[in-house]
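Pasting the structures in now, so scroll down.
Shared chain: chain A. Partners: chain B in the first complex, chain C in the second.
Here is the complex of A and B:
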């Protein structure tokens, strides 16, 4: 019946001819596109001619008999393109349990596509179980470990206008790539102006770090510099940076790799930390002037004796006298550094 | 000999496992370097698929996680004993074929053969500790490749080195599993460890 849903797929740039159902060529008809009348210049008799169609011409096309306006034909035109070669990636982030493959199209087709994936290991065809989410991914359980036989994964994408495929061939070890380390924490070390303590956890997706241990790569730099420092760590999930610049904020990241095989993970989420610095002193008026002057020399560290002038520690007149003395000493220092 | 589950035996086992893991790691690294040199010197395609030749121990394992410690050691021992014979054959063939013209390749082969021999001995010690009893006997050894053409022997050599590289990784994993498992070495790992 004319109102049966009918979908017609056409390529971008194609010339499309639509017939008004079983109406004769010379019948008087009216065509509409999404409810809007189509100009007669697009008609050849009762046929609708669309030349060099583009994406904007997708929509519902209806044909009505001349005067009665009976609906004689209806179709939904979907303009699209055949699929280009899909992009396929396979990776094992949960070795030795299995691996997953995910894919996407480099450019959209604008019409529905279906994907079929096959996984062959030697002579054995393996099942790739599709994930519920995301939909463009499936996973395979390893049936064998330590095999030299390569895996061959072929992905075919099909739509109403064509098909395309791609194949990946790899061995078991090559695709092992853990997820980045988790819960990276960086903390200053009390009383140590050049240290930062960094700790992290194995990625939760890595199923057995005892039997399949990971090694780690840590990188860090002060925010004010572009160059990273690197440290490779063969065991443990913590490290103390001992050469940090005093008082500078650092950015730190960690990556992981299986101890024996595969490639490094992506870098973890970056964390920021600043090494411990001594708290600023609350001094007497003369000493405050000195502090203002000496603040221009960035590496100046007040001598330990000024601790006695700590606000919380000053009690009684004896301590006040010591404070004044220290204040004078500071003033002398300040003059020297101007 | 201390009982398999005595504290001293457990310490000795941990020590042997740790050293074995390091040996396997070094062996793998050297085998990979040797593979590159072998492919180049023998004029082979590094990406070529090689069929399994009779007598070459295949590292691939199904249900690997379900093996007991003793099973792991026995399989490893059998494999490395075979590799010891295979590498000795390869060394002999290489000397006949290329002679002194390729001393570096010969030296690299000999170095790996030495490591395989050392690792075999290491495994024998571990097996005695884990499963005391009469030493397991060597099998008849892989067949001599007298019927193979020169090209087939080269391919066989490629297969040997590839499988050896896989075995080196597997052995490190096996030894870690052994280190992890309880002192009763005949017990399989817990089901939670299965994929």
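Here is the complex of A and C:
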């Protein structure tokens, strides 16, 4: 039937000729685009000519017989472009369970696309199960571990105007990249103005940290500086920073990697923390203000290594209390050993 | 033409490593420390192999030194011990089986590598291969040490390739230069994969061998 819904796909820039169904060329017709009459200048007889179509010309085109206003033909024009080479990425964030591949198009096509993915391992074709969400993703379970044969993944994207594909070839070990560590927490350490205690958890997607342990990379800097400091940790999920600048707010991130294979994860969510300070800032008196302002200019330089009672480096009256405590402790030990 | 067959035979003879007596030094170190030491050795070898393989594959020339080179595995390559294993099977390996698999694999790989060393055309390659073989031998001995400290018997001499037996079974020989190079390529690939696998094997062993093993042994010896 002439009014059956019909979709027509055309490339951007193409010239489109629409016929009014079975009507003769010289029949009197009226074309509408999305309900609006189309000017006769676009007609060649009863044919509608659209030159050099662009995206704005997508829509419903209808053709009516001149006098009776019967609907003779209707089509939905979708203007788009054939797919460019898709971008494909495969990664194992759950080693040794398997890996996933995800893809996208670098530029939109403006019309529906379908994707087909094939995974070949040696002579065997494997099935990559499509994920419900996100849509452009599928996952594969490893059947064998420690394989010397590469995996070849081909993604083909097809639409009404053309197709394109891309292939990735990789070794099992090359795509191992964990998710970033989770639950990163940074806390000041009471009575320690230069320490920050950082702890985190293994990413929950990593299935077997006992047999496949992760190592970690911690980076931290005070907000006011651009230079990061780094620590690599092969064991444990916590670390104490001992060289923080007193009173400065820090930004801290952690990354993870399988101990032996693959690449580093992305950085975790950043956490902020400030080391313990002796008194709250808003309670500073006049005298202490002058003291802290003069001391703070020197805190931008790397502080010298100090003993507890080195008056030159420690800020505020806390220095005296610490000296006293150290003195008492030493005296106590002395008494014990007599 | 016959050289590969001869090497296979020599390997069978040379590789009858005698069952090693428990080495005194590893007993003192303790089992978990020997496992750690073995793990560290696999990491060291893996790093060494990267340079060695790069040099060797360049010596073989294209396509062997191309990063995308992905040839089909020929049946003849089955002689080289493969690290590939079913996931559940690997998980379920007993400590003994896990260690034995490593021991057998590296013993054979060492033989093949020594053969490669013998044939290498340049002094630089021979030097590198020789150095790597020494380190690899250290690994084999280290694994043997762990096995004996845990009370496991060493696997009896590794089975090296198909027998050069009755006239009906063909001698496994590389009939041409290209296939010989393929053999070398797969040997290096399997060696690399084995080193990656061993790191995981020894991680598992580290967790499963409790320090109590060391304590018990010390008690038995002391009292």
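Just so we're on the same page, the second predicted complex is superposed on the first by the 279 of 338 C-alpha atoms of A that agree within 3 Å, B and C clash if a C-alpha of one lies under 4 Å from a C-alpha of the other, contacts with A are read in each partner's own complex, and residues count from 1 in each chain.
The definition used in the following text is that contacts are C-beta pairs under 8 Å (C-beta built on N, C-alpha and C of every residue); 3 or more make two chains touch, one makes a residue touch a chain.
Given the structure is predicted, the values throughout are model-derived calculations rather than measurements.
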| item | value |
| --- | --- |
| Combined model on chain A where chain B meets chain C, clash or fit | clash |
| Which superposed partner A:173 touches (first chain B, second chain C, both, neither) | both |
| Touching partner for A:19 - first (chain B), second (chain C), both, neither | neither |
| Contacts of A:123 with chain B and chain C, given as first, second, both or neither | second |
| Partner chain in contact with A:145 - chain B first, chain C second, else both or neither | both |
| Which superposed partner A:96 touches (first chain B, second chain C, both, neither) | both |
| Which of chain B and chain C A:207 touches, first, second, both or neither | first |
| Which superposed partner A:187 touches (first chain B, second chain C, both, neither) | neither |
| Common interface residues of chain A - those touching chain B in one complex and chain C in the other | 96, 142-150, 173, 210-213, 260-261 |
| Chain C-facing residues of chain A, complex | 96, 122-123, 142-150, 152, 169, 173, 210-213, 259-261 |
| Contacting residues of chain B [partner chain A, same complex] | 25, 28, 49, 58-62, 64-65, 162-163, 166-167, 169-170, 172-173, 176-177, 180, 193, 195 |
| Chain B partner contacts - residues on chain A that touch it in the complex | 96-98, 141-150, 173, 207-208, 210-213, 260-261 |
| Chain A-facing residues of chain C, complex | 43, 46, 68, 70, 72-73, 82-87, 90-91, 186, 189-190, 193-194, 196-197, 199-200, 203-204, 207 |
